[in-house]
Structure formats: C-alpha cells, structure tokens
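In what comes next, chain A is part of two complexes: it sits with chain B in the first one and with chain C in the second one.
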Partner chain A sequence: MEISRTTFKQYERLHLSGEIDLHNSSVLRETLLGLLGGGEHVLVDFTQLAYIDSSGIAALVESFNVAKKQSLEFKILGATGSPLQVLELTRLVSVFPMVENEHNL
Partner chain B sequence: MKLIKNIECDSCTSKLCSIRADVREACLEFGFPDPDINSIVLAVDEACANVIRYGYKYCDNGSVKLQIFAADGEAVFHIIDQCPEICEADITAKPVVDEQPGGLGLHIIHQVMDRVHLIEGDASGNTLEMRKQLPLKEA
Partner chain C sequence: MNAHYGDRQVLHNVNFSVAEGEIMVVMGGSGSGKSTLLKHLLGLQKPSSGSISLLNQNIAELGRKQMMALRRSMGVAFQGGALLSSMSVGDNVKLPLRENTELDENTIDIMARLKLELMNLAGFEDLMPAELSGGMLKRAGLARAVIMDPKILFFDEPSAGLDPVTSVELDELILQLRAALNMTMVIVTHELESAFKIADRITVLFDGEVAAMGTVEEIKNSSDVRIQNLINRKPRDKVVDADAYLQRLTAGGT
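Showing the complex of A and B:
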C-alpha cells in the first residue's frame, strides 16, 4: 500500500494505491485520524486502489464518524472493482458519501 | 474431494498477500467470473486475518494452513489453525450496524460463501470449512 497527499479544493486528498489489509490498515487509520485531528476535510481517493479488506473499511468507518462529530467533510472518490464490491457487501456504499470523479465535487 | 492447493504459512499479517494470490489462482482454475473471484479472495482473506487477529492475537509463530478442494460442484476452502478451540457461535455473522466498524469480516464471509461451518476433528486447533458453488459450465 502507498499513501500520498495532495490538496484539492477544500480537501486534503489521500491517494491510496496497492492493497490494504490487516498488515497495513493501521497506517491508513493513523493517517486519516491525523488529518481529521488537524481539522482537515478529507477526500479518500480509491482510483488506484486494488484491494481493501474489512480492517481498512473499519478504519474508514471510524474516521467517517470522527469527521461527522467534528462537522468535517469525508468523501470517497473513484471506487471501482474489488474495493467497490467490499463497500457493497458491507452495505456501506449507502453510508459513505461517494463521488465517481473529481468533476462531481 | 480433489485437493487443488495446500498452503501453510506463519500467522503473520505479511503473508496475507500471498494467500490472496494463491486463492485468486485457484479461483481462475475453477472458472469463476471476476466479480466472484474478488469476493471469494476477500472472504478467504478475512477468515485468515481473523485467525491471526483473534486466534493467535497477532503472535506470528503460529501456523495457518489453507487447503482448497474441488468437490461435488463446489469449491471448498479449509482454514486450519492451532488456536484455542472455537465454536459455531464464534463464526456466526452478527448484524452489521451502519456506521459501526466491528463485525464486518464475518459478515463478508457469510455474504460471499454458500456454507460456513467448523469441522470437528481429533487434532488440536480449528478447521473452518467454507463452500462456494462452482460456476455452471456452458454446454
């Protein structure tokens, strides 16, 4: 898994690539909570993400709840393939604000 | 049952990636379509991750064995560990509550697989069996 950051509009955009599983999901969790702790709106970019398991999804859920409590925006961008299937299987596709592409932001 | 793959590795989270690759390869041999392969790989990964996380409590000197069989029109996955014995209640899917991060792995396993249960044996540890119907072959 690789994580990089850019700024896009009002968001801190987190570019995820590779595979997120129990081995590395804690890094995602710490990164997300760190951004939210700094009061940033977060855009999680799934465009280059090949795989995410339930531990990665749990990190997103926890972060989404923190964002809501702090009235910060938290969106997922460009989920397709296996990561989208995981969100559908867990019914979280209707919980997270999902954006198909950056033009819709 | 015909054994397709027999994999054994340490109970280390860094091994999950290669387990997924082996499951994907077996699923391709079985002829599952891509969306099914993605979900089966995920379900087996979740089961192995649960063994490492809850069974071995992240101790990486345990053993995780994955056996994949073809049997009576089904793909059969056995995940064998040497952890303290668990019961069916431990592998029952709990209702997923929106916006709660817990219980997602078991929910996924039960959503994807046709049958999930424990096999009783004489040996110590646990054997989780997951079954998925093979795709029908076109005439």
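Showing the complex of A and C:
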C-alpha cells in the first residue's frame, strides 16, 4: 500500500494504491484519524486501489464516524472493482458518501 | 495422496488442485472420505503417502511456526460452528484477530461487527453460543472463519441443518465473499442444490476415490452410474460377495 496526499478544493485528498490488509491498515487508520484530528475534510481516493480487506474497511468506518461527530466531510472517490465489491458486500455504499469522479465534487 | 486409518485405506490416489479464487466443492455420500480429505487438507492428519500443498507450501515440510503462519491465511468453518462455549459470540469472532494481529481494539470491534452484519447476526455479539440456534451457530462460525479475510476458506457442510431460505442466503453469501475478496474455497457438502449453485468445479468422492471432477455441467452430464445415482438420490447398488458376506457375519471384520 502507498498513501500520498494532495489538496483538492476543501479536501485533504488521500491517494491510496496497492493493497490494504491486516499488515498495513493501521497506517491508513492513523493517517485518517490524524487528518480528522486536525480538522481537515477528507477525500479518500480509491482510483488506484487494487484491494482493501476488512481491517481497512474498519479504519474507514471508524474515521467516518469521527468525521460525522466533528461535522467534517468524508468522501470516497472512484471506487471500482474489488474495493467497490467489498463496500457493496458490507452495504457501506449506503453509509459512505461515494463520488464517482472528481468532477462531481 | 493416500490415507489410512490403521490398516484400512480410506483415500486412494486422491489428486486435485484448486485455482486461486476458485470454489471447489467436494461431494460424496456418507463414508466417501470427504471429512477425511478435509482433515488432511487442514493439516490435522498426514497422508500415508503423497503430499498436500497450500499456497505453494508443502504442509508436510512445514514446522510448527510455519504451519501456524500458513493457518493465518486459512479460514475454517466447521459443521456445528465450533464456537468456544465460555466466550460470547463477539469474543469468539474476534479471537483470531486478538491472537494473531496487533490491530487496535476499535478496529477489531468494527471488523467483528461487519462480519456479524454479513451473517445476519447483528446485535448478537453479547450472547453466549448456548443461546443461539444451530443455524446461527453455523453463521457465527463462518463469521469467525472469515474474520481475517483468509486467502483460503474451508467450509464443512455449509447447508446441513439449515432451513431452505437460510441455506440459499448462505450460498449467496459464499458467492459474494468470493467475488469481493477473491477467496479460494474448498467446500465439503452433500447438498446437491447448494453444490450446483456455488461450485466452479466439483470433485465427487466414492469409497475414498475421486470418481469424477469437473464443472457443474460436466458432473450433471456424467455417464458414471454412481454419480447419476447420487444426483438422482438413488440408493447404491449393493453387490453381494457371498463368501465375504458370510465371513463378516460369522467371523467379523470388513
């Protein structure tokens, strides 16, 4: 997994790539909670993400909950393939604000 | 591989491979060797000859630590759920994560609830196993088996003891798990309807031998009388060896 960070409109945009699993999901969790702790709106970019397991999904769920409590925006951008199927399987597509592409923001 | 219980050979030249992301269903009647095969695949018993490779590792050559590492990539859902009776459902499901990872407890809680939601067991995490029905125990066992998103899932008789609606839902769930997580699955069952719905390929065992292996259509169209009898639920023809029968009745033995 690789995480890089840019700014897009009002969001801190996290570009995720590769695979997120039990071995590295804690890095994602700490990054997300750190951004939210700093009061940032977060856009999690799935465009280059090949795989995310339940521990990665749990990090997103926890972070989204924190964002809601702090009235911060938290959106997932460009989920396709296996990551989208995981979000569908867990019915989280109806929980997370999902955005197909950045033109919709 | 071959397997024996004492002098009695129970698996004869069983040979098959399962591709990544494939669902292989192992079918056969009672006493066909399905459970014995599963025990060998899990490394609980060693073949008397031959070898078994999981994720490109010959399990006979693995030491205890290596086998434990391999088992972290495997999930096993036992027929009756096999939950620890002294722990709540939630703690049972979380156990593999607590034992094998250093994930934050918040992450573990959410992962367990995600899996319980998938199994339609939301809100049951604080109950004890004794308070669940047979179908719920099976689903809780499956939640625990997939809590670490294993690369390979072994599932013993997923549909046994379930009502038809729950059984169909479980079949759907198995297919969704494979689609979303690309899990490789070896599923032992004697439920034809379920096998035909979920299998990419089916291995049919008879008397410890592979009688047939192929896609659902190939198995359905098999010319093997034993397989057609299995599909059409006809009893096996019992050929009587008069001398052997008399010997068994008068002197015992097999």
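Observations, loosely collected:
Following the convention adopted for this analysis, the second predicted complex is superposed on the first by the 105 of 105 C-alpha atoms of A that agree within 3 Å, B and C clash if a C-alpha of one lies under 4 Å from a C-alpha of the other, contacts with A are read in each partner's own complex, and residues count from 1 in each chain.
Keep in mind that, in the parts below, contacts are C-beta pairs under 8 Å (C-beta built on N, C-alpha and C of every residue); 3 or more make two chains touch, one makes a residue touch a chain.
The model shown is predicted, which means the values in this text are computed figures rather than measured ones.
Overlap between chain B and chain C is detected when the two structures are superposed via chain A.
By the touch criterion stated above, A:85 is placed in contact with chain B and with chain C alike.
Look at A:19: by the touch rule set out above, it reaches chain B but stays clear of chain C. Of the two partner chains, both chain B and chain C are touched by A:54. Shared-chain residue A:62: touches chain B and chain C both.
By the touch criterion defined above, A:31 reaches neither chain B nor chain C.
By the document's definition of touching, of the two partners only chain B reaches A:95; chain C does not. Once the two complexes are overlaid on chain A, the chain A residues touched by chain B in the first and by chain C in the second are 21-22, 51, 53-55, 57-59, 61-62, 82, 85-86, 89-91. On the side of chain B, the complex with chain A involves touching residues 13-14, 16-17, 20, 35, 38-39, 41-42, 45-46, 49, 52-53, 96, 98-102, 104-105, 107-108, 111-112. On chain A, the positions that touch chain B within their shared complex are 19, 21-23, 51, 53-55, 57-59, 61-62, 64-65, 81-82, 85-86, 89-92, 94-95. Chain contact summary for the complex, chain A toward chain C: residues 21-22, 25-26, 29, 51, 53-55, 57-59, 61-62, 82, 85-86, 88-91.
Within the complex formed with chain A, the residues of chain C that make contact are 101-104, 106-108, 110-111, 114-115, 117-118, 147-149, 176-177, 179-182.
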